[in-house]
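Think of it as A, B, C, D, E, F and G in the order they're written, each chain with its own count starting at 1.
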Amino acid sequence: MKRYLLYSAPLALLWCFVHGDVTILNFLFGLVLGPFVIKPFKPLYKFGQEVSFKDAISRIPKEIKYFVMLIIEIIKACIVVGKIVIQPKIDIKPGIIAVPIDTKTHAGITAIANTITLTPGTLTLDVSDDESVLYVHCIDASDPDGVRESIKHDLEKYILEAFE
Amino acid sequence: MNSLLLNLALLFMVFAMIPCVYRVIKGPTVPDRVIAVDAMTTVIVVMLGVYSFVQGSVFFMDVALVLSIISFVGTVTISKYLDEGVVL
Amino acid sequence: MTSLLDHIPILLIAIPILMAAVMIFLRSIPALQKVLNVFVTFCMLVLSVVLLEQVWTNGIIVYEVGEWGKYGIVLVADLLSAGMVLLTLFVSFLSLVYSLEYIEERSLSSSYHSLFNLLMAGLTGSFLTGDIFNLFVFFEILLLSSCALVVANEKGGVTKSSDKMEATFKYLVLSMLGSIVMLIAIASLYATVGTVNMADISVKVSAMSASGTLPWHIYAVALLFIVVFGNKAALFPLHYWLPDVHPTAPSPISAMLSGVLIKVGVYGMFRVFFLMFTDTLYMFKPIIIILSLATIIIGAVSAVGQTDVKRLLAYSSVGQIGYVFLGLGMGSVYTIAASLVYLVNHAFAKGMLFLTSGAIIHHAHTRDMDKMGGMIKSSPVMGTMFLIGAMSIAGFPPMGGFIGKFLLFDAGINEGFYIPIAIALIFAVFTMFYMFRAWMKMFWGESRDTKKYGEYSSHALSPLLTVPIIILALGVLVFGVYAEPLIALAQATAAQIVDPQPYIDAVLTRVVR
Amino acid sequence: MTTLITKTITKICVPLVILFSISLLLAGHNNPGGGFIGGVMFASIIGLLYVVFGLDNIKEFFNPDWAKWFAFGLLLSCITAFGALFVGHNFFRSAVEFVHLPFIGEIELVSAGLFDVGVYFVVIGSLLYIFKNVGDDK
Amino acid sequence: MNNTLLSFTIAMLFGFGTFLILRRDIIKVVIGLGVLSHAVNMLIVSAGVFKGTKVPIIVGSSGEHGAADASGTVFNDVLADGVLAPVVSAGTHIEYVDPLVQALVLTAIVISLATTAFILILAYRIHEEYGTTDLRELRRLWG
Amino acid sequence: MDPFNVITLAIFLPFIFAGLIPAAEKILKHYVGWLAAAVALASFLLIATVLPHVIHDGPISGAVPWLPSVGLDFGLYIDGLGILIAFLASGIGVIIMSYSNGYMSHKEDLPRYYMWLLLFMGSMVGMVFSANTILLFIFWELTSVTSYMLIGYWRDKPESIYGATKSLIVTAAGGLVMLAGFLFLHSITGTFDIPTILQNEALIQTVKDHDLFLITLVLIFIGAAAKSAQGPFYIWLPNAMEAPTPVSAFLHSATMVKAGIYLVGRMHPIFSGTDAWLILVAGTGMITMVMAGFMAFRQTDIKGILAYSTISQLAYIITMYGYTTYQHPGIGVAAATFHIVNHGTFKACLFLVAGIIAHEAATRDIRKMGGLWREMPITFIIAVIGALSMAGIPPLNGFLSKEMFYESSVEMGAALGSPYTILIPVIAIMGGVFTFAYSIKLISGIFLGKRPKDGLPKHIHDPCATMLVPAAFLAFLVVLFGVVPSIPVHNIVEPTASGILLEPVHLHVKLWHGVTTPLIMTIVTFILGILVYSKYDALAAWQDRFNARHPRISVNYHYDAAVDNAKTWGHKISSVTQPGTIKTYINAVLILIVVLVCIPVILLGANIIPQTLNFDIAPYEALLMLLMVVAGIAIVALPGYLPAIIALSALGYMVGLLFIYLKAPDLALTQVLVETLSTIIFFLAIAKIPQKFKEKIPTTTLVRDVIISVAIASTVFIMLINATQGIVSPFESLSHYFIENSLTLAGGHNIVNVIIVDFRGYDTLGEISVLCLAALGVYNLIHSRSEEK
Amino acid sequence: MSSIDIVLELLSNIVLIIGLVFVFLGMLGLLRLPDVYNRMHATTKIGTVGAFGVMLSILLKVGFSPMGVKALTVGLFLLLTAPIAAHMIGRAAHRHGVELCKESIIDEYGKSYK
């Protein structure tokens, strides 16, 4: 039940969003609709695990922090790649770098992978089978260790806070 | 001024589609073409957004919404096919 | 609740659609499926009789779906459409009964019933609709349902599934071209007159023609409908799919395809040209006559060269549909009536022949006539039935086919179409030749080499197979011996076709909410 | 197999898109959308689920008989259209009813909406039936 | 919608589609049919008869309101007393684009999706039976 | 009883009993033949009861409605001609069916035999009494079919099948041609009813003066000639001898072949007295008479002789019916009619004898026989009577009609004047000479000379009474009619001739007229006949040489070539027209489209470029369209599946964008969704279809395809720019209604959606049915191979 | 028009222009960058971010009206899904043998799955 509510709340919000009309009524309707939509796919969501609302709510500030960081990173990096693109002669040293990660949960790995992708200059190609290494394509791979370092410290830290 | 800006924006975006079409034709690899189409849908989403605002009509935004979701479905399917040679 | 009888036109279309859905829910209870489907189809047959009777006594019936008048979609039951519906349901009912034994069990229960129902809906819907775009929709139903049914599994599996696939592909591609042409025509028409209601189009095209403002492209649009309906009816040079598809389909479906489905094309020509484009008829008729003669020749000559019994029957359908089109192309009340009589007789005879061929295939385990012979001893009933059908197709009295040929030739000569009738006559001899040759190949002569081709099946034919055949055979005989009701109906129908005003009045003079 | 990253995002998307599809279905009469569009959305996200997780894996816990879905849709559409016959009208005669509900306000009940729901189910059922049949065919 | 460039584009697509359905490869033919169906859909939309520029969705929160600002057209096609009035005398300016063609195209699109799905699976089965996608070899049925 | 009812009963009695035969056989076993004979007798007697009425009051008509909508009744016209042939059919029917009881083995499929015999007899009777051409045609074709069934009675024998096929093709095709003639007659006279025409002189004159007279006559005569084995259509009759001998006797000498004669007699009043009639009918008759006589003479099979003899004898009758001039329309009618009777008797008699011989001697080859008169004296006597009558020896009936034939030939020659005064009698004599020669050959070959050492059964004797009595009875008639000709002449020949000539006829037929020209001709005939008979070997050698040198002179050669090669040719043609390559088929459709659009352009001289071309378009839309064209080129040009499909998908998204510009959000939504889905389905399919094949397009193909594509594109372009010139004033679109009422009546703001779920929701019902169909169809496709494995 | 509105208007126009430029640059990158991996950098980030910017600008223009909310949703969806698409294609490309461009200096992925 708790699970349902936990999943339904964001869904209800999204229901309002796709409806284009954020009202209490719409939200409640979405809340009612949510469990029915999730129910058939229960096994996808590890319903056995215990959850706590407190935990979920307590993470919200950290999540916001993460997003802010993300946006800044993105804008910074966009400019970098934009510059490369409009150079008269493109001079890059790309390459694929293996980046070990500590994150364990799927949500966390996904978040970090997506974050890497969204920040220009790096792009997650794959995650190793044991879920411990990300393979990242860098538009500038001249310093592989630097890249590994920056991902480890700048990104993963926030993600661990926000999602685990 | 505003409307001129937005009309220019539309024209600009159609220009942005040219590289996509170019990549679809030129390739050279299939993944190139796939990302070209994927990029094209992004451009179309942008155009839909702008157009929606130009026309003052929310209806086109619905299309943008659908397209932003659905194009991903297509791309993932093609990628799986490219990777594994099967779809289902 | 109003009387059910007021809603017959829509019932004839919507009930099969409903049944298609119900049949899927009943997949696990095949027996109930069979009983229910046969029962409901029979009820529809009865309803179609009632509909024809109503139209006969009360004139044209217009049914407004959704009560939107010409703004929505109207169903129009005039003598032509009601008659075609009756014919459809008669052949369908018998084919359905036949299928219960003929189609493989699993295929039957899982999809066949639904597909068959949708095929029926497609047919009745095409005949009854008064809306040109709706006709397109129902054509698509016809196309896909027939394609899906062609690949249905039959018991015994004499036809290779590769053949089915190939035939279906050709059919589908050519039909899709036809659909595209139809859409072009409908769109152009709409852009010019602003409506898709056939009666409305008719009024507007006539008005333009009367005031001299009929644009030339309306003629082109009209002629494009030849492609659309010619494709359905296998008019030369749009016939290519037919000799591939009709033989490879399971026999009851062949009967449906040859018996009624290709008639949809003929129906469409009547509807479109004699209702909507009466002012283009002078351009249309010679084209149709030329194409129909080509169809007759191609069909007859090719049929002579066949050794596969079903392929022969299929080519024969091509040739015979040419005769129907000949009557249509000559375009007077009498020739149209003749063409209609011909059409009905062909439906009965060819439907029956295809059903019989199914039984023959069950008996001989092959479609190749060279591998048959002397079967009159082992299968006298099928021999007799095939003979009756062959005689009818060949135009021998006292079978219905004779009445059709006689009326057609008489009408043609009356109208002064000497050369077309001469050609038609010459190829009628071909028809006679190949039908009887086929009969003799299968039923006369020495029994086949059993070492090479195996014994004939010793199973007694199920009554589910024989009874429909015999009923159709009786129909063939009755239409030959006592054709008066059919001819009278055909003449009344033809008169109605040639004079579209009552149709237009019926559709357009009504209060729209 | 696809990666866990894709799987995770797909998981997130599934209920979301289903909700969206319902929204499109309900909005249809007054906004762009409707049964077909909603149905295709639904079908494509389930299709994505099949693609990303593998058909067999999904079938273990989520295996509806899609044929029944489209049959239900067809039945529903047909019955809706037939409904008018029972109140003395022609087939497909639509009914529009404005119902006033407490808290929620005016709600517009349109029989055509029910028909659209039928369309929705047909689209979902038929498309996924095709996917499943082709996917099962090895 | 009288627009020569649009017509030209549609015609070009018809040409491309036609060229493709004349190819020997079964998938090419199917692709050609896809192009043709795009072209024909655009053709139908371009057959719309109104010169309006508004999306055919009546904007307004409630029923009564929406109807009033619908078009301002006088709807005049009353066919009463057995008198046929085949033409309407509406004629006033319509702000919307033609909704009917859009509805027709919607139907056409869905149908072409269904057909495409069927023909593709058919192509797969043909490949399975014949081991090739060359249509020249797809001629076991001839004569 | 009313004569109409009597005749109706006489017609349908055999039909009814034919249906009952299989049931009766269960009870009567092999005696079922006697039942059939009794039915025939009943019919005969029924017809006989009408004869006095006809003699007394002239022709009788009657009708019941049958197909009133096309002006057709079930109408009977009972006159002498009809009764004559009906007598032959039923009377000889009685004899044949009795005879068959002895001839047919009990192991044979008797019900089928008697059923078809009765059906034939009924059809024959029905045909001769039919008052309208269509009824006549129906019964006519029924005789063809029944004859076909009887010829093919032993249906596993290739010869039977060959003979049956030939007879059906020739006679039924001839029948169809005749039908065309009847239809022409209908279009000239406006009626199908024969008595209506016969009783209206003005109408007959109209026919004779009509432009279509000649074609009508030719068509009808072809039918008659085919049935009576005249002219080139004789070919089927010799092969029809594969039938059981009683059948040959009945159908192929006495009755069915008389149908053509009957038709000539029936049409005589309408068409005779014209040059065309004379040339066509008498000309065909004379040529056939001589040629068939000669061929009969060359045969060695008894039935072969009799078959060709039948052709020749029928040609006598045809010739005589052909003897007309404007002044004398009916020179040979009486003689011809009398010969019908006589030929019916002596030829049937000879056939029965042939049956007896074949039955007893187990062969029909006269070269293997000889001297049989000792062993079967009664048969010998009967045979001699029949043969001598055929040869025209007094005092038998054949002599009488032969005399009349010569007489009318002389008269005809005289009427035409030189050189025909001599020519026609000479040809008549030639016919007689061969007749005489083969008649003698027949008797001497079988009964005279020495019995061969081997090849014949040990004990040959006269057959049982069942077989002998019918033959003897016919022989008796031959003698009776010869000695007392007034019996047939007054009772049947005169009424018949009156019926044909439409005026009372009185004949004075006697054995001895004194020494007249015909008698001299007869004597010449006998002398020449003996001469020819003695020169058999020389003649045979000459003919064999001739035939070897000119194989194409034989009609059979052409028939066999046509039928044997029909399948090959049909298959060759169908292989060309139906080559199996779908591209050919598509091309045909495309070319037809272009042609059909061009036709009105040419016929109307239309201006294909309209006045207003609108190039007003926002730049971004123009650019988008350009991109769409480029994407289209990509789809065409990219050889791989994946690139082409991806390009198609790009095009699809652009189409969606274009829909946006066209203010169609619903469409755009649907378009992008469908595009994605179809791309997925494309990949679903090609995941199982590896691209092994890459097409290399030869230049010629490329040029051709490009031309077709350009043609289609131009066609569409021209159609479209014309069609989009705007709605023709003052019409308005249905859409007004939708816009106006979408909210008020259907409660929806989205007009497009309201149209698809409400105004035109019925379309959508169809559309979702199509979706269900696709799903079920895919199921069927996938599961269509389960059965095989 | 209040000053906030003016600021918002200005801000939104700036964001719009930035977004459009980004999208355009992304597409330019698609055109110019040497291999599929580098091109993906351009499209899936600059493109996506640019698109997000445009949507954001619309939100700023219209506020939390249905259009604005939907625009925001569109932006979020793009951010959520675009990386996955890139990830899937890139992975497939690499595993399917699409070579890195010649300028590339390191490939630590290649050995992991072969």
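Quick note on the criterion: a residue touches a chain if its C-beta (ideal position, glycine included) is under 8 Å from a C-beta of that chain, and two chains touch if they have at least 3 such contacts.
Remember, predicted model here, so these are calculated numbers, not experimental data.
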Shortest chain-hopping distance from subunit E out to subunit G
2
In terms of CA centroids, furthest away from subunit G sits chain F
Remotest chain, subunit D as reference, centres from CA atoms
F
Report, in whole Å, the distance between the mean C-alpha point of subunit B and the mean C-alpha point of subunit F.
70
Please tell me the distance, in whole Å, between the geometric centres of subunit B and subunit C computed from their C-alpha atoms.
47
Centre to centre, by mean C-alpha position, how many angstrom separate subunit D and subunit G?
31
Whole-angstrom distance, CA centroid of subunit A to CA centroid of subunit D, is 30
Of all residues in subunit C, the ones touching two or more other chains
14, 17, 20-21, 65-66, 72, 114, 133, 137, 140, 144, 147-148, 161, 165, 169-170, 173, 177, 184, 187-188, 190-191, 194, 196, 200, 204, 243, 302, 305-306, 512
Multi-partner residues of subunit B (each touching 2 or more other chains)
13, 15, 17-18, 20, 34, 36, 57-59, 61-63, 65-66, 69-73, 76-78, 80, 83, 87-88
Residue numbers in subunit A touching two or more further chains are 14, 18-20, 113-114, 124, 126
Touching residues on subunit E, where the partner in the complex is subunit C:
21, 26, 29, 33, 36-37, 40, 43-44, 46-49, 77-80, 82-84, 86-87, 100-101, 104, 107-108, 111, 114-115, 118-119, 122-123, 125-126, 129-130, 138-141, 143
For the subunit F and subunit B complex, residues of the former touching the latter
618-620, 623-624, 627, 630-631, 633-634, 637-638, 640, 642-643, 646-647, 649-650, 653-654, 656-657, 660-661, 665, 668-669, 672-673, 676, 679-680, 683-684, 687
Which residues of subunit B touch subunit G in the complex?
2, 5, 9, 12-13, 15-20, 22-23, 29, 31-32, 34-36, 38-39, 42-43, 45-46, 49-50, 52-53, 58, 61-62, 64-65, 68-69, 71-72, 75-76, 78-80, 82-83
Tell me, which parts of subunit D touch subunit A in their complex?
3-5, 7-9, 11, 14-16, 18-20, 22-23, 27, 49, 53, 60-62, 64, 103-104
Which residues, counting only subunit E, touch subunit D once they are in their complex?
57, 62-63, 106, 110, 114, 117, 121, 124
